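As structure tokens, the structure follows; a few thoughts come after it.
Letters A, B, C and D mark the chains as written, and numbering starts fresh at 1 in each.
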Amino acid sequence: MSDHVAPFTERDVQPGSGVEGVAASSRRAVLRGFSGAGLAGAAALAARGSARAQEATPEAGEGGTLSTQDISLEQAQAIIAAALEKAAEIGTKMDVAVVDAGANLKAFARMDGAWLGSIDIAIKKARTARFFDFPTGVLGELSQPGGPLYQIEVSNGGLITFPGGLPLKAADGTVIGAIGVSGSTVEDDAEVAEAGAAAIG
Amino acid sequence: MSDHVAPFTERDVQPGSGVEGVAASSRRAVLRGFSGAGLAGAAALAARGSARAQEATPEAGEGGTLSTQDISLEQAQAIIAAALEKAAEIGTKMDVAVVDAGANLKAFARMDGAWLGSIDIAIKKARTARFFDFPTGVLGELSQPGGPLYQIEVSNGGLITFPGGLPLKAADGTVIGAIGVSGSTVEDDAEVAEAGAAAIG
Amino acid sequence: MSDHVAPFTERDVQPGSGVEGVAASSRRAVLRGFSGAGLAGAAALAARGSARAQEATPEAGEGGTLSTQDISLEQAQAIIAAALEKAAEIGTKMDVAVVDAGANLKAFARMDGAWLGSIDIAIKKARTARFFDFPTGVLGELSQPGGPLYQIEVSNGGLITFPGGLPLKAADGTVIGAIGVSGSTVEDDAEVAEAGAAAIG
Amino acid sequence: MSDHVAPFTERDVQPGSGVEGVAASSRRAVLRGFSGAGLAGAAALAARGSARAQEATPEAGEGGTLSTQDISLEQAQAIIAAALEKAAEIGTKMDVAVVDAGANLKAFARMDGAWLGSIDIAIKKARTARFFDFPTGVLGELSQPGGPLYQIEVSNGGLITFPGGLPLKAADGTVIGAIGVSGSTVEDDAEVAEAGAAAIG
């Protein structure tokens, strides 16, 4: 899936393109994990998220191929079980999706009575989180009108950029997949996604 | 992992961002079924709709299956007839769609001279209302720039988040489908949708 | 207006056209729930499946709504577990999807190393089986060149009409969902789907 | 919608294109309503259907515009009612769609317990019948492997070319819309479509 994704680099921000409030330099900083300037709140969060996203890079193994890691079905099912447990605990009904390192669906569960519209959103949140190795909510802050990633949602067959999607990482920081949760407020969605992600060890 | 999550809270609703009348606190209340304040029009409906949406939960029946309810064609046709009557009464030409509990089309009618573009919008409004068991206009308030559900419209093959779609409920509060109306102003659309929904008993 | 209609009858099934084992007369029987002859494998399943598909009809409940049943998440997860067990037993790697009565995704699992392309196929098989309350392979026999449902695959956003999708039924015959399996030969897919479906009780 | 349709003319049949058994000249004859040669069964039917399809042509009215006719909602609802009555009479559960002269949805009804997958098929049958002013089954005979319209189903967002779709005509032969029926055997579908079409007067 990665070759379908157009990485956003500095050259993409055209002078006079309507990008306001986040200059290219600070945007690059955000994406690199160091916020150069007074991007309060959201962007600071973004920076931290981004920093982690860059922790691990695939390395060349024998024969020049890349040695990678990927999520197992056992892990994915444990993540979903933990998410469902948290959802029940806080009295919500959730749709929970897990995608693998290739952003392809690995496991999914919809609680009885959970929103039908959240099937697609949970899956899209998980895919979005893996596409860019960010929590979905970080992208949502950058995709607002005037933001550097304005309208990024129309790419990749539809992204969801509000909270509830999180990258899933191996012990060494390698992103091995992502979880997406939808079914309540975005705060609840994010809380349940965190509970699911925590199950990875 | 909590620092990966950037939940949207009240600070994310920018002044002048187009989000009006629904602060984060009241939004959460809306989603939980308690309207905190003077949300006029669509939002008032939303609060009520939401409250009802939580009333009924599918219960386990024989053999572990869920016992549910669904809209009948007779009901759907009565709803459309009532909507068409109201539309004629207020001098508008409408497209009216009814979907069932699974968000699948049950019945549809387009008045002579009504907009062709409203065929898809009426159906999408009905599906959107069933997808989340909310009036469509409530989603539209939450999906504005800076809102917690910004760009949700790109999900589910396209959502319509302005007024004119309403969940349809059985006597015990179970959502058994939804109506979607399009063809005039959103105020007219919503009025006709309400008239249709009222026919369910 | 009768001369405008060209109903397909037995003559339309050309010898050597690829339609085997299902003549028009037995096809009609299949659709009505009576298998006329020695239709092996999928078709035998089809006949039984079809017979059951006609067993239950939604009935009017309180307030004129239909009283129906739907699959629970607990059932869906038990079905997937049984399917995965069978897949491991016969040494295959499968994608397994379960949809509810409304043909909406309820649960999904992809075994480690299973085909990526089978994600979509497993889901489409499950949806196809629920769309028509038939095993998918039965449709495939009818959709061959010269068959009565030729090219039905272009409908509903893409159907999969080879074996591996089965309706799921409550004790009284009500269709409460469907399972779709993809990842190996269609014979293996069908065997795993049957093992999953058997878990429903 | 007509400008979306690529009319099939003689030049479209390339020598060596794989079109076998129906020479260009006889194909043109079919499309014009006179079968020149030994096209048994299907093509003869096609010819008759085609002949009728050409009965009425829009004529220039005042100011050079075309004077046309279109189906009314009242007519569409009467057609659906007649179709539903016939469906009940023969013990089937049907999805019934009516489109207008522009091939846009005018009215729709799905009987309780009718196939979910037939929603799309009924609508596509109606659209297909209006797109070419033919009963759908006629197109299906011409779209078989080796036929002159092979794979036409992939055009127009998906056509359905088996029986159950019929053009609807005013007293003077003008095509004012079409009906599409799906939910049982194609023979049953066609019978119900005829009953619906007969209600137009």
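Basically, contacts are C-beta pairs under 8 Å (C-beta built on N, C-alpha and C of every residue); 3 or more make two chains touch, one makes a residue touch a chain.
Since this is a predicted model, take the numbers as computed values, not measurements.
In terms of C-beta pairs in contact, C-D outnumbers the other of C-D and B-C.
Put simply, the C-alpha centre of chain A and that of chain D have 47 angstrom between them. The distance from the centre of chain A to the centre of chain C, each centre being the mean of the chain's C-alpha atoms, comes to 35 Å. Inter-chain centre distance (chain C to chain D, centres taken as mean C-alpha positions): 28 Å.
One finds 32 Å separating the Cα centroids of chain B and chain C.
Contact of a single residue of chain D with at least two other chains is seen at positions 112, 116.
Taken as a graph of touching chains, this assembly fits none of the simple shapes: it is neither a line, a ring, a star nor a complete graph. Residues 41-42, 45-46, 48-49, 52, 112-113, 115-118, 120-121, 124, 135, 137-138, 140-141, 143-145, 153-154, 158-163, 166-167, 184-187, 190-191, 193-194, 197-198 of chain D are the ones that touch chain C when the two sit in their complex. Those residues of chain B that touch chain D in the shared complex are 72-73, 76-77, 100, 102, 104-112, 116, 119. Against chain C, in their complex, chain B makes its touches with residues 58, 60-72, 74-75, 100-104, 170-172, 174, 176, 200-201.
Here chain B touches chain A in the complex through residues 1-9, 11-12, 27-28, 31-32, 57-58, 66, 102-103, 128, 130-133, 145-146, 148-152, 154-157, 159, going by the rule given at the top.
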